[in-house]
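One structure is given below, encoded as structure tokens.
So that you can tell them apart, the chains are marked A, B, C and D in the order they are listed, and the count of residues begins at 1 in each.
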Amino acid sequence: MSHNTFGHLFRVTTWGESHGIALGCVVDGCPPGIRFTLAEIQAWLDKRKPGQSRFVTQRREDDLVKVLSGVMMDADGETMITTGTPVSMMIENTDQRSKDYGEIARQYRPGHADYTYDLKYGIRDYRGGGRSSARETAARVAAGGLARKVVPGLNVRAALVQIGKHKIDRNNWDWNEVNNNPFFAPDPAIVPVWEQYLDSIRKAGSSIGAVVEVVAEGVPAGIGAPIYGKLDQDIASLLMSINAVKGVEIGEGFASAELTGEDNADEMRMGNDGNPIFLSNHAGGILGGISTGQPVIARFAIKPTSSILTERRSIDADGNNVDLRTKGRHDPCVGIRAVPIGEAMVACAVADHYLRDRGQTGRLK
Amino acid sequence: MSHNTFGHLFRVTTWGESHGIALGCVVDGCPPGIRFTLAEIQAWLDKRKPGQSRFVTQRREDDLVKVLSGVMMDADGETMITTGTPVSMMIENTDQRSKDYGEIARQYRPGHADYTYDLKYGIRDYRGGGRSSARETAARVAAGGLARKVVPGLNVRAALVQIGKHKIDRNNWDWNEVNNNPFFAPDPAIVPVWEQYLDSIRKAGSSIGAVVEVVAEGVPAGIGAPIYGKLDQDIASLLMSINAVKGVEIGEGFASAELTGEDNADEMRMGNDGNPIFLSNHAGGILGGISTGQPVIARFAIKPTSSILTERRSIDADGNNVDLRTKGRHDPCVGIRAVPIGEAMVACAVADHYLRDRGQTGRLK
Amino acid sequence: MSHNTFGHLFRVTTWGESHGIALGCVVDGCPPGIRFTLAEIQAWLDKRKPGQSRFVTQRREDDLVKVLSGVMMDADGETMITTGTPVSMMIENTDQRSKDYGEIARQYRPGHADYTYDLKYGIRDYRGGGRSSARETAARVAAGGLARKVVPGLNVRAALVQIGKHKIDRNNWDWNEVNNNPFFAPDPAIVPVWEQYLDSIRKAGSSIGAVVEVVAEGVPAGIGAPIYGKLDQDIASLLMSINAVKGVEIGEGFASAELTGEDNADEMRMGNDGNPIFLSNHAGGILGGISTGQPVIARFAIKPTSSILTERRSIDADGNNVDLRTKGRHDPCVGIRAVPIGEAMVACAVADHYLRDRGQTGRLK
Amino acid sequence: MSHNTFGHLFRVTTWGESHGIALGCVVDGCPPGIRFTLAEIQAWLDKRKPGQSRFVTQRREDDLVKVLSGVMMDADGETMITTGTPVSMMIENTDQRSKDYGEIARQYRPGHADYTYDLKYGIRDYRGGGRSSARETAARVAAGGLARKVVPGLNVRAALVQIGKHKIDRNNWDWNEVNNNPFFAPDPAIVPVWEQYLDSIRKAGSSIGAVVEVVAEGVPAGIGAPIYGKLDQDIASLLMSINAVKGVEIGEGFASAELTGEDNADEMRMGNDGNPIFLSNHAGGILGGISTGQPVIARFAIKPTSSILTERRSIDADGNNVDLRTKGRHDPCVGIRAVPIGEAMVACAVADHYLRDRGQTGRLK
């Protein structure tokens, strides 16, 4: 079973806890001959790492990734070439000083997995959330960096499209803006609105939910595996596996409930170049679980950070009522840092289906 | 890989096409000693079968299920007892007369999987959509009937909560009403609204989307398998695998984007009986991928039926532009018949995680 | 998990009991465009079916196979073409009259799985061994018939090489002889020896073990998936899963324990045609889990049929000592009918690895 | 797919190359609450490590294992307690100096996986065999150390029973002797024979094959998963996955080909304590793929080390004929160091099936 593994041919196993010695992933099934540099992988991790603006947690984690296996170094001493064997990547936790966790070790923080981990396992690593910490997603982002290299021409990008009730204006969408603001917002007009709003949230020690949209261009047409390995199904599964995600949409998503068949139909015509053209993309690039060749579009909703300064009622492991507030440096809106994670998940899903279609080695393409 | 299989310990493999000889499923991993009657399974299939009101397709499919293996008959000649070996269930297609499919065999119906199946496989069963037909879901419903028996005390129910822009009033929610109307609506006040609206859709040869909500009560606390076999992840995956589903939510879902941490927190207190009590259920019964013991709540959006009478532009397999309208008896709102399918998917996911926790045989419980 | 399923991309799920309504298999992952006739599949089943000589059980089972899904019929009305969707095949049990099983239902036959099924499941289908009956292997043989079609140029053949202490003379090996005698013996000189020996075994109501050798020619070089999906590992796994098999060898097998490195080395030279040549095949066509392009050679040992007329000591489900002899029509040497089963298992393993290498659809070759 | 992973509930993924930075494994599915010390795991690695006698390779590898995740340290600062999350273990390669591999990088050593890795991947790590090196088995042994802790009362031991033509006398079998000689021989009388024989092999720069026998006591009755997850099948699969293994037997193994049904039957009687007793163990503790409660007995044959000093004919990657001899410090009989590896594989298989039966968490036992 795949409790800590996802993917079939591009298989990623992650391990590690928030405050353990290290965390990492093993990517099994990466085809041979993929060329990449450590800097390329690190760039994605840097995008996710904390402390980059006042709107994300101020914890210091360098998240430096090492590649331990599965590659040969090219003559340039920089480019790594995959050999088809497992690529093991590790991120050491630089700061794991043993602090006194005191009461927190036995108290159940509302919205966190403390209570349920204890229910299931009877024991849990209470240091920073242990395995249930979003710190695990660093390993996903590393794997995603490799996944992007597997599919020629694949371009997976994401943007934050909603914080609280404040949504972007889709008419303003400009991918070039996404890296020009601390929110990965594609609409520059929303930036001052979000700044002001998140400042108020942050100062109140509160938190707020968000919506992220992922767009994958260059997804080859014809990949996906019906009935139970549909491309949209696997994307939904992986996005839902991200900490704090509570909803996932493909294409029109929930809006499709309000559409008629006429409005929702993505009509087709033969293009002048002899290739089929879709006249719209309500489907989000997937029909019957298989890619159409259009951009694959997915969105996911992230609940507000559960760690807030306001006291909430809870219980502890001994069955006492307690009132808890979670001190420390937390993200007022975890949705921001979820942007590169969502990209990584979609990249991994696409790489996996690409290989299912083309085979393990890529030898014969 | 699990292209036509889902689940890990409660594993369901489905097979069959819309207009083939038969369709069915093999349920592998059903624990021994589960007692059920054929009538109980058939009841769920009857709930899904067409022709039960003017609001669903008028095709005639009896969908009579047979159990071919995996059981011993009890002395009463009616109760089947599982032996722990694969339960094979089959539904014969009673009406597969070879009609002339003519042009449809080579034309790509917008919104259907015709184009993508051809892209992927280079060949497809064009008779009624072949494998991509929603007829495959009959096998899921049969498997779900068995899944419900696996978890003692489990009660999975679903209801239609939205058709087009018309949503139920949640204050009116009454489970007893769900089977009193042709829509599985929990709110009797919405029934005349939907009747009138769907009649107009139906008469226009159009179709409309919908939203279904599934509620699973009696899900044991502490099941679910982080990080990549989370209960909510598996539910999202299975719901997204249903034909025409474009969005999935758990608990607050997309609404959580607009909530603050304070509002979203499910606070806890010790109950008078010494058991923990949650004071709300924004999480939808799952934290960190593990069940809390509260009801598990999921919703999914279904796009409008792609088969409509209005002509749409498309192409055929030879690269010609064509204008298509889909004649025949189609569901004006496939969301209605998706209600028992959604139930089945959630029941299977819960049964699977229950067994992951308790083991394959149930021998030692 | 894959309790009743094997293979990764060419995935076979079998179901059914010895005396149930039917048994069958679902082959998921068969590429589209594979052409075959029912007669071709039936031919392999006929090779396995009982009653073909006095040296195998005289039970009457026609083992007529039906294909229920996953194919389109070609214009000739005979050739089936796979569509890439699951191929469901079924063999109905023609004779399942409800006889009185009496004591046998609670007694544990030595060497059979009666005791262990009860241990594991607490219930078992005692009719003819239920799921543990070798009758299940009919489904494997059907799947193997399809597997043979998947790999162009693949030729999998097997022969019986030992019954009791009587081994064939390998210098006499002639594949043309294999179907000229009731033992699948490749050495005509051994036939009269085995006839006389097995007649004595049969008349005594006894049974005897055997060894089968499988040779797969046309296995493409370079398939196999180290470290834990090695081609030899998967062959060993599948051969060991056959009822009554107690040992498996690849190439030299146990004889390699007595070889020096010099003797065991398969030396290579470049051939006149510019292709590498191996000068021997001690390895059995597999190095490091990957095929070399030479014939893949495997052997397996089958224990004597456990059902014998001589009384053996045992117990029953109530904890009583009993003395048992197994009446009925049993194979004096199950090794004979294991020949086509071994072929099927190797064909399936090769097909699976072929597809892992080349991908799911075969579209791009 | 599980190319570098084995097991279903006790899932082990290994990674790393012979001369890479490190190698290791991730054990996913280890139940919570398992207590162990690093020293206990290290002890198994020490048993496998080279340089412990003149009969094994003189390479220096300390094989010090680290546990990176999945545990909490007990108050004693020494005992680790598993939390149910992935246990990542790593062994750093202390000596990876970049030496000049010269011709060896392009030459195919007979009997090694050089040729087939190039066939499959088109690239390979030629340093010390890369991923195909037996060095990978260090990770298996670490995982096996944990597996032993999972099943209460499990005792898995192995011994070398044959080197070349020299077999032990089974009447002399004494487990206490196994660790008293450099061969893991259970028969002290064979030790001087093997010493003299292996010295001659070693001095000649030659190598020789061997047979290892593994005995697992304390395997709970009733575990194993027919039809395609049989306990003996999984053991065969894992033993066959060990480098250089060419044959696997359970119980009587190939000898069963020469037994009659009467001789092979393991008769039963009720014991004085009210528990069933088997009067023999020809089956090797497994019937129908399920454990009987008797010791599980498996044997495997290892071919002679392929690296020998005598020149062998081969080719290189450029299609030239070459004559190769493999210099360096090699094991004259790799069978010796395979003893702890075989133990580890059987321990892992048993732990996996134990958990399949009892469930993931062990919470309810």
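What we mean here is this: a residue touches a chain if its C-beta (ideal position, glycine included) is under 8 Å from a C-beta of that chain, and two chains touch if they have at least 3 such contacts.
Small disclaimer: the values here were computed from a predicted structure and weren't measured.
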Required steps from subunit B to subunit D (each step between touching chains, minimum): 1
Contact-richer chain pair (by C-beta pairs counted) among A-C and A-D: A-D
Whole-Å gap between the CA centroids of subunit A and subunit B: 27
Between subunit A and subunit C, centroid-to-centroid distance (C-alpha), Å: 45
Inter-centroid spacing, subunit D versus subunit A (mean Cα positions, whole Å): 38
Residues of subunit B engaged with two or more neighbouring chains: 1, 3-5, 8-9, 14, 85, 120, 131, 222, 225-226, 356-357, 360-361, 363
Sites on subunit D touched by subunit A in the complex: 1, 3-5, 8-9, 11, 13-17, 20-24, 26, 28-29, 32-33, 66, 68-70, 72, 81, 83-88, 90, 120-125, 130-131, 360-361, 363
Subunit A partner contacts - residues on subunit B that touch it in the complex: 1-6, 8-9, 14, 108, 110-113, 115-117, 119-120, 131-132, 136, 162-165, 201, 206-211, 221-230, 232-234, 236-238, 240-241, 243, 246-270, 274, 276, 279, 282-284, 286-293, 301-308, 310, 312-315, 319-321, 335, 356-357
Residues of subunit A defined as touching subunit C within the complex: 1, 9, 85, 222, 225-226, 355-361, 363-365
